[in-house]
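Each of the next two complexes has chain A plus one other chain: chain B in the first, chain C in the second.
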Partner chain A sequence: MPIVLENVSFTYGTGTPFETVALREIDLRIADGEFVGVMGHTGCGKSTLIQLMAGLLTPAHGKVMIDGADINGKGYPLANLRQRLSIIFQYPECQIFETTMEKDVAFGLKHSGLSAPEIQAKVCRALESVGFSFEEIRSLSPLELSGGEKRRVAIAGALVTEPQILILDEPVAGIDPVGRGDFLKLVSGLNRNGVTVLMVSHNTDVLGDYAERILVLDQGRLIMDGPTRSVFSDVEKLEKLRLGVCRPRKIAHLLKERGVQFPQDIVSYEDLLKAVIKSRKSVAVS
Partner chain B sequence: MKAIAGHDISYSYASPGSIELSLTGVSIEVSSGELIAILGHNGSGKSTLVKHFNALLPLQKGELAVAGMDAKDPSLLWELRRKCGMVFQNPDNQFVSSIVDEDIAFGLENYDTPAERIPRKVEEALESVGMPGAGKRSTHMLSGGQKQRIALAGVLAVDADIIIFDEATSMLDPPGKREVMEAVRRLHIREHKTVIMISHDMEDAVFADRVCVMADGKILAAGTPREILTDRSLLASAGLTPPLSVQIYYDLCEAGVELCRCPLTEEELVEELCRLY
Partner chain C sequence: MSRLPAGMYLPGASCLHRLDPLVKLVGFVIFIAAVIVTDSVWGYALLAVFIGGLIVLSGIPLNTIFGPVRRTYLFFLTIFFMNGFFFSAADPLWSRWFFCLSWAGMIQGANVVLRLIILIIAGGILTATTSPMEITAALRRLLKPLGYVGIPVDILSLIISVAIQFIPVLFEEVETIRKAQTARGARFDSARLRERAESMFPLVIPVFLAAFRRADELALAMEARGYRCGKKRSEVAKNSLHLWDIGALFIVLGVLMVQIFVF
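The block that comes next holds the complex of A and B.
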């Protein structure tokens, strides 16, 4: 299910004094199985972009095509799209509305035609995938969970339909470091199995470690789009935009500024670690 | 006088068959003017603990004095809440007005501040958070970092001495986070406010006077940032991970590359790496 945006623009409050252009002439193609990071300041159009992709907003101009079909075309089955595309919003705990965790996670499967035991098996798997014991959590009310736990339940609710496209808006904020690591492993595992992942985040370290491609939005325009390595190679530009780069890249950059011969094609923690070990060995040999 | 003196505090959200979300016999002291970071996994009891400090949760068991006031004494409740303010995670959930100065004045009005003194107090609070003259702005037009600083100004306006940040920067973009952290450090250093900061960002904890680690409703350890953040097994047992600089120090050690000392910040790491070459 490739996602294609053709010349998409979007304006809020058209015809009112509050008219604001949120996105301008976006051209974009995301292939199946990509892991794409989206960066940009508050107000740059990130949230508008993902809502357009999910058919929650209709573009003022241009087309949003998923799997070759215009999702805003007449008669397009949006309900089917939503079984295959899940969004986890910025405050996932606000997505919880049922009285028990089992019911909440099961909601997305309510009209799927599956039998009750099939639904339960899927709910169980989704909750376990975010680190809960199904038996312990199933009958709890959201009021009994901490903030971070609620986030994980909401994420399970988005995963339960086994989407082919997963859109995450700042998913790891407020989740503890171990929970964050587990969640990102889960997402990258899904991605390896072919799920397209689009992750909006201010956390450049997470994007550096996981995303293979980065989109940078600024004032509604797509100003950078490329492999993570090449986008993060422009440290000055990203610093100037006040977005910054991931820390491994920044450390490599600082070392270079201090006159150290150090590789600059670094984006992930692993890259940094390997580069230090490798360059250390070459220093020892010489 | 201690800003916070808590002894043997226990709390249960009291519903049958629930996941344990309570505190079990937590004792904690925070000195006046101290900046303390509280770290811990989701559900470890961090928020439950700090919600006792400004009496959002009633004390079920144990003793607690906040700025010398007994948290159990209902007649001191308002004064206690004035002295100890809280800034929460979601900036949009804590506004009561759509205009900045009205929002900041809300607390002052509730504490019966004479109307003629309010504008001055509001402006002073705005200056303290680095947003002088922002009084007439509309709250929904502010950036996340600005919103959090307005929430902080609302706490400062009523002369709070103890300020609690419950993951107050976790939803902000990097510039917003920087703005808020700078405001926090300024208040701590210049105005000697006591700061209690809950965070999942180990890099925030580096700048604390003391770091406190919670797990499963208990305080597991407390110490200087260096003692706590370089203790990998402690952090692992609390469901936490060390800062990047510490992680790489240990990973390099295992690969046979030894740095002179374990760096805590990015700057220290760059310093140490430079020495290798």
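The block that comes next holds the complex of A and C.
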């Protein structure tokens, strides 16, 4: 299900004194199975962008097309789209409302038309994918869980529909390091199985490690769009925007500034390690 | 948010914005009295001129001022016809069953509708030029004498001002949760009543939980910064009435006097 945005603009509060343009003339195409990172300052239009893609907002101009169909067109089955596209908002634990965790996770399948055993099997799989034992968690109430556990339940609630597109808004904010590693492993596993992932984050390290492609938004415009390596190659520009680059890339850049011969096509810690080991070997040989 | 909710504060620097909130509040009460005693064409003309002057002074867009009135026209039509048909049975222009259209009723209906419209507009100007915080501060000053007879005015006004401050926050919360649940497949805009009613649970429960959590956090934050319930609080803004504040009060009083004694 490729996502295509054609000349999309969005304005909040049209016709009121509080009118603000959130997005201007965005053209974008995201293919199946991509892992895309979205960067930008607060208020640059990131959240608006992902809400437009999920059909939660309607663009003022332009078209949002998923799988070739305009999702704001008349008669488009948005309910159907919501079975295939999941969005995990910031602090998703706030959306839990049911009395038991099993019921809450099953909420997304309410209109799926599946039988009760099928729904239970899917709920079980979703809860286990975020590291719970189904039997232990299923009848607990949200009051018995910690914040981090609730977050994982909420994530299971978004994954239970087995979406083909997964949109994440600052998913690792306020999560402990262990939980963060587990969560990112889960997401990249889904991505390897063909799920399109769109991740909004301020955390350039996470984007450098996982995203293949980066979009940079500034004041409602898409100012950079390309493979992670090429977007992060322009360290000066990203620092001028006060977004910065991931630490491995920054280290490579600082080494170059000190006159050290060092590869510059580095975005992940893995790249950095390989480059360091390689350069030590070449020193040892000479 | 495609249009402004009625009664929203619009930040600005007009002379109405800068007028002492207490004067605006008291002036509004006097103005209500003036509107109630008005029942002649000339009286309404004076009120219209006065309101027109306020609108010009406030610099608020006309759309914002007349929007609430335009949106509730059915309400005004209903009031007008209820009065027209039921106010008086004497001297009917037309009557059938228990409907009885009369001149007196239509005049009464027009009176009620005009008064309501004028008051809604005046209330709109008050809330558009005075932030909720200013209004509660003014209320506190107005109610201060009640403190001497043992009514905890400070605590009450704090409760009111916290409640008012949290309205936009709660609205935002509702919006966020609504979107999150919509994305999970909740059907808030379903045509089926049952589905719509059911879809309220995923919205209401998280919003309530969030409100309680926020209240707890706010209480902690306030105590951490030295708030003690029932202790006397100092004020940042010392308000004293300026000449133009008193002048403004006299103008409104003047309108009331003219309505009572001239028309």
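Side notes on the structure shown:
Operating definition for what follows: the second predicted complex is superposed on the first by the 286 of 286 C-alpha atoms of A that agree within 3 Å, B and C clash if a C-alpha of one lies under 4 Å from a C-alpha of the other, contacts with A are read in each partner's own complex, and residues count from 1 in each chain.
Definition applied: a contact is a pair of C-beta atoms (placed from the backbone, for glycine too) under 8 Å apart; a residue touches a chain by one contact, two chains touch by 3 or more.
No experiment lies behind these values; they were computed from the predicted model shown.
Of the two partner chains, neither chain B nor chain C is touched by A:H61.
In the superposed model, A:R84 makes contact with neither chain B nor chain C.
When the two structures are aligned on the shared chain, A:F107 is found in touch with chain C, with no touch to chain B. With both structures placed on the common chain, the touch criterion links A:R24 to neither chain B nor chain C.
When both complexes are overlaid on chain A, the residue A:R247 reaches chain B alone and has no touch with chain C.
When the two complexes are overlaid on their common chain A, residue A:R125 makes contact with neither chain B nor chain C. In the superposed model, A:L255 makes contact with chain B only, not with chain C.
When both complexes are overlaid on chain A, the residue A:G157 reaches chain C alone and has no touch with chain B.
Once the two structures are overlaid, the count of chain A residues touched is higher for B than for its counterpart among chain B and chain C. The contact surfaces that chain B and chain C form on chain A in the two complexes do not overlap at any residue. Partner chain B is touched in their complex by these residues of chain A: 41-43, 90-91, 136-137, 139-141, 143-149, 151-152, 170, 173-181, 202, 204-205, 242-244, 247-248, 250-251, 254-255, 258, 260-261, 269, 272-273, 276-277, 279-280, 283. Those residues of chain A that touch chain C in the shared complex are 12-18, 51, 54, 56, 79, 82-83, 86-87, 89, 92, 94-97, 107-111, 157-158, 161. Across the complex, chain B meets chain A through its residues 13, 15, 17-19, 21, 40-44, 47, 89-90, 143-144, 167, 170-176, 200, 202, 239-241, 244, 247-248, 251-252, 255-257, 266, 269-270, 273-274, 276-277. Partner chain A is touched in their complex by these residues of chain C: 1-4, 10, 61, 63-64, 176-177, 179-187, 201-202, 205-206, 209-210.
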